[in-house]
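For clarity, chains are labelled A, B and C in written order, and residue numbers in each chain start from 1.
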Amino acid sequence: MDKKKDILSLDEFSVEQINEFLIQTESFAEILKRDIKKVPALRGKTIINLFFEPSTRTKVSFEIAAKRLSADLINFNTSSSSLRKGESEIDTIKTINSMENDLIIIRHSDSGYINYFAKNVPVPVVNAGDGKHEHPTQALLDLYTIYKNFTNLKDLKIAIIGDILNSRVARSDIKLFNKMGMDVKVVAPSMLMPEDFSSFKTKFANNIDEVISDADVLYMLRMQFERQERKFYPSIKEYNKFLSLDMARFNLMKKDAILMHPGPVNRGIEISGEVMDIETLNKDKIKINAQISNGVAVRMALLYYALS
Amino acid sequence: MDKKKDILSLDEFSVEQINEFLIQTESFAEILKRDIKKVPALRGKTIINLFFEPSTRTKVSFEIAAKRLSADLINFNTSSSSLRKGESEIDTIKTINSMENDLIIIRHSDSGYINYFAKNVPVPVVNAGDGKHEHPTQALLDLYTIYKNFTNLKDLKIAIIGDILNSRVARSDIKLFNKMGMDVKVVAPSMLMPEDFSSFKTKFANNIDEVISDADVLYMLRMQFERQERKFYPSIKEYNKFLSLDMARFNLMKKDAILMHPGPVNRGIEISGEVMDIETLNKDKIKINAQISNGVAVRMALLYYALS
Amino acid sequence: MDKKKDILSLDEFSVEQINEFLIQTESFAEILKRDIKKVPALRGKTIINLFFEPSTRTKVSFEIAAKRLSADLINFNTSSSSLRKGESEIDTIKTINSMENDLIIIRHSDSGYINYFAKNVPVPVVNAGDGKHEHPTQALLDLYTIYKNFTNLKDLKIAIIGDILNSRVARSDIKLFNKMGMDVKVVAPSMLMPEDFSSFKTKFANNIDEVISDADVLYMLRMQFERQERKFYPSIKEYNKFLSLDMARFNLMKKDAILMHPGPVNRGIEISGEVMDIETLNKDKIKINAQISNGVAVRMALLYYALS
């Protein structure tokens, strides 16, 4: 397989390569079960965590992944950076580039910026989320979480439910799941659907009840209140009626079906507090914490791929 | 001795175990005097510094302790975390837990939260200060500082002076010093005494002059202006008159007595600038910097206990 | 050569020692070209990054330098520190000192404070920039960048252009370049010249055109808008007319002359965007990114000097 310099979107990788990532992730996940969770794979490498948008979960997940591979990780805090002194974006790129790192992890609201950045630095660039566009490491950890449960991905029925419009997770997941031959259905009110939805070539429903008893995977999206410029949905009551997962609906899920969410959950909106509180007792069915845990292993696999 | 999972309060440990901590601290303090102050004891372990309240001194002290034991330390900055996105507290706990760390250091304004947290994560949790309640690593470093000077703790006369009401240091220290058989006296104006003071079973005075020439240890508390909801004390002049340590009072201390303070000192309030400025020349008597230095060794001992 | 404890100003070092630094930097620069850019030189040492002024470039540059030497680096974030709790400056010094580090890197607006600090801690202190006064690691990386191009520094013609008044880079560079026998000329409007300029013993011009075709090194300074208390210069148009480097002037530079800037560049003020955009194609002439890259090697050399 030809090696890519960057990991900007999983679209650029073949099905064969993605299967290879899943196998690699599995071996890193095994390391994380050991008493000493650290391997010397990337000793001596310097990785920059360059986050232009605030984030803790993804940033810390990458930091743990890097350190478990024995790399040095440097958090480049952009809020206090030269950007505030009026430096141009291309000059920031050249500055970071000149410090001679081995890999740059970047989150930025603009996918165009990340692509431009990757073209202008010689080292590998890993996209840690860009606006409403792509979030490839999240998509791969979601795929890995499903793969761990079903092994055979082909024709698996997955329903992605909620705020498609504002979710880069949704976009990245839909594309990746389709590529892997899964049977993807999107459930959302029309107001939370993007205008270019037809390009996704995906089935569509308005009501969670149309998929609840048939799906192998229920993927609940986070309501992105912080990205909604105006109020898109009439009310929480309305949302609960058509799109939320409460205990009654949870009990309608198929025996082997699993429940996923990228986190953090708005309790009482996407998923009821009652369902959230039984995760520990229902680890076979509720995979929200498994996703976080798998995120570290997936990021180890991707950093290792990019640097070896 | 049976091993505790967490270090939440020193109340939970036996006198025997606390003596063991003092001996362990001594051996780590010796490492800190070497040219290479680092040992491989916790190589490959990942420790999270999870501070819900701002702090530099305690946070950096733990960071240095962790790195000197060769652990990886990750600062989890909660001000930019999912908490601001409305995540519930139990979900934050589960998130951090899912990242598969080896130990979590936590500071939070609510002691109930820290206990709840510890019950819900499988890894050891170390309390780095909770509201007005407990600060066990501070209490142990205070005890170690006294132990280094007197060896025999039994019946040692210690006066704890100042803002008892708002001080978790005071609460933790009083309980620990009593447990170790020391003779504890509290000096405070009634307004800065907690309502449940009788439960401390400790002697009480209103004026530093009642203890100054008799105490083996003078422990001055920091005035917690930031925690005082209304003005508790009439004036600084009044405070100075009855509770502050100035040069005249310093000269009345017993020959072998020592002066302590958890820092940072409000000069001119708890202790005069004049007294502060002679510390370097009076290291046998003024132990404020020794406390900070001992703090690193104590935290090394506690992290090592929790992880081995 | 007698070894200094601190690196506060290059004034304190002999020409011989500075030449030694250049040679040392060269060997560290070679390490940075390797696949594994890390050496165990400072393994087990703890370095504190203590920045009282916001900075990303210099802070990250020191952090990378420290980690490539295998030291542990701890960022001491002063905005959340005890300083806000009213701790006195000398007590902060004693606190950091008590944590028993091996070296402290400090940036502070007041050069007096840094000198006072260095006198009061037993470990080496490295000045990372103090107000308008000194920035020795920047001066040395500038010198190294020139040395890499010309080897023979004697009588090399260097023009330093722009906001001399508010620039610690200018002050540090002028003194160092003079010391090394270079032929330094300052170009600035009278309003951006310091009152004590005569003490620099340096030639002076008002207009970049007086030096453009004669200088071996054109050193453009950053306009320190954030330090200008009132508007010193009539207008950007005026500045461009007499002091900026645009394409027309760039083409008038001598064949082997080089262009430098401490960064970040205000495009269209000190240097036009057009000139900035051709750096990648003109690496022999435009050395702005080379300066950043050399900064890591210089800081490795200085940390190594101070700790060995």
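Quick note on the criterion: a contact is a pair of C-beta atoms (placed from the backbone, for glycine too) under 8 Å apart; a residue touches a chain by one contact, two chains touch by 3 or more.
Just so it is clear, the structure is predicted and the values come from calculations on it, not from any experiment.
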item	value
Rotation angle (°) superposing Cα atoms of chain A on chain B, nearest 5	120
Interface composition of copies chain A and chain C: same or different, split at half	different
Computed distance of Cα centres, chain C from chain A, in Å	41
In chain B, residues with contacts to at least two other chains	none
Interface residues, chain C side, partner chain B - complex	43-46, 72, 74, 76-78, 80-82, 85-88, 90-92, 94-95, 97-102
Residues on chain C engaged by chain A in the complex (per definition of touch)	32, 36-38, 54-57, 60-61, 63-64, 67-68, 226, 263-267, 273, 276-277, 279, 288-293, 295-296
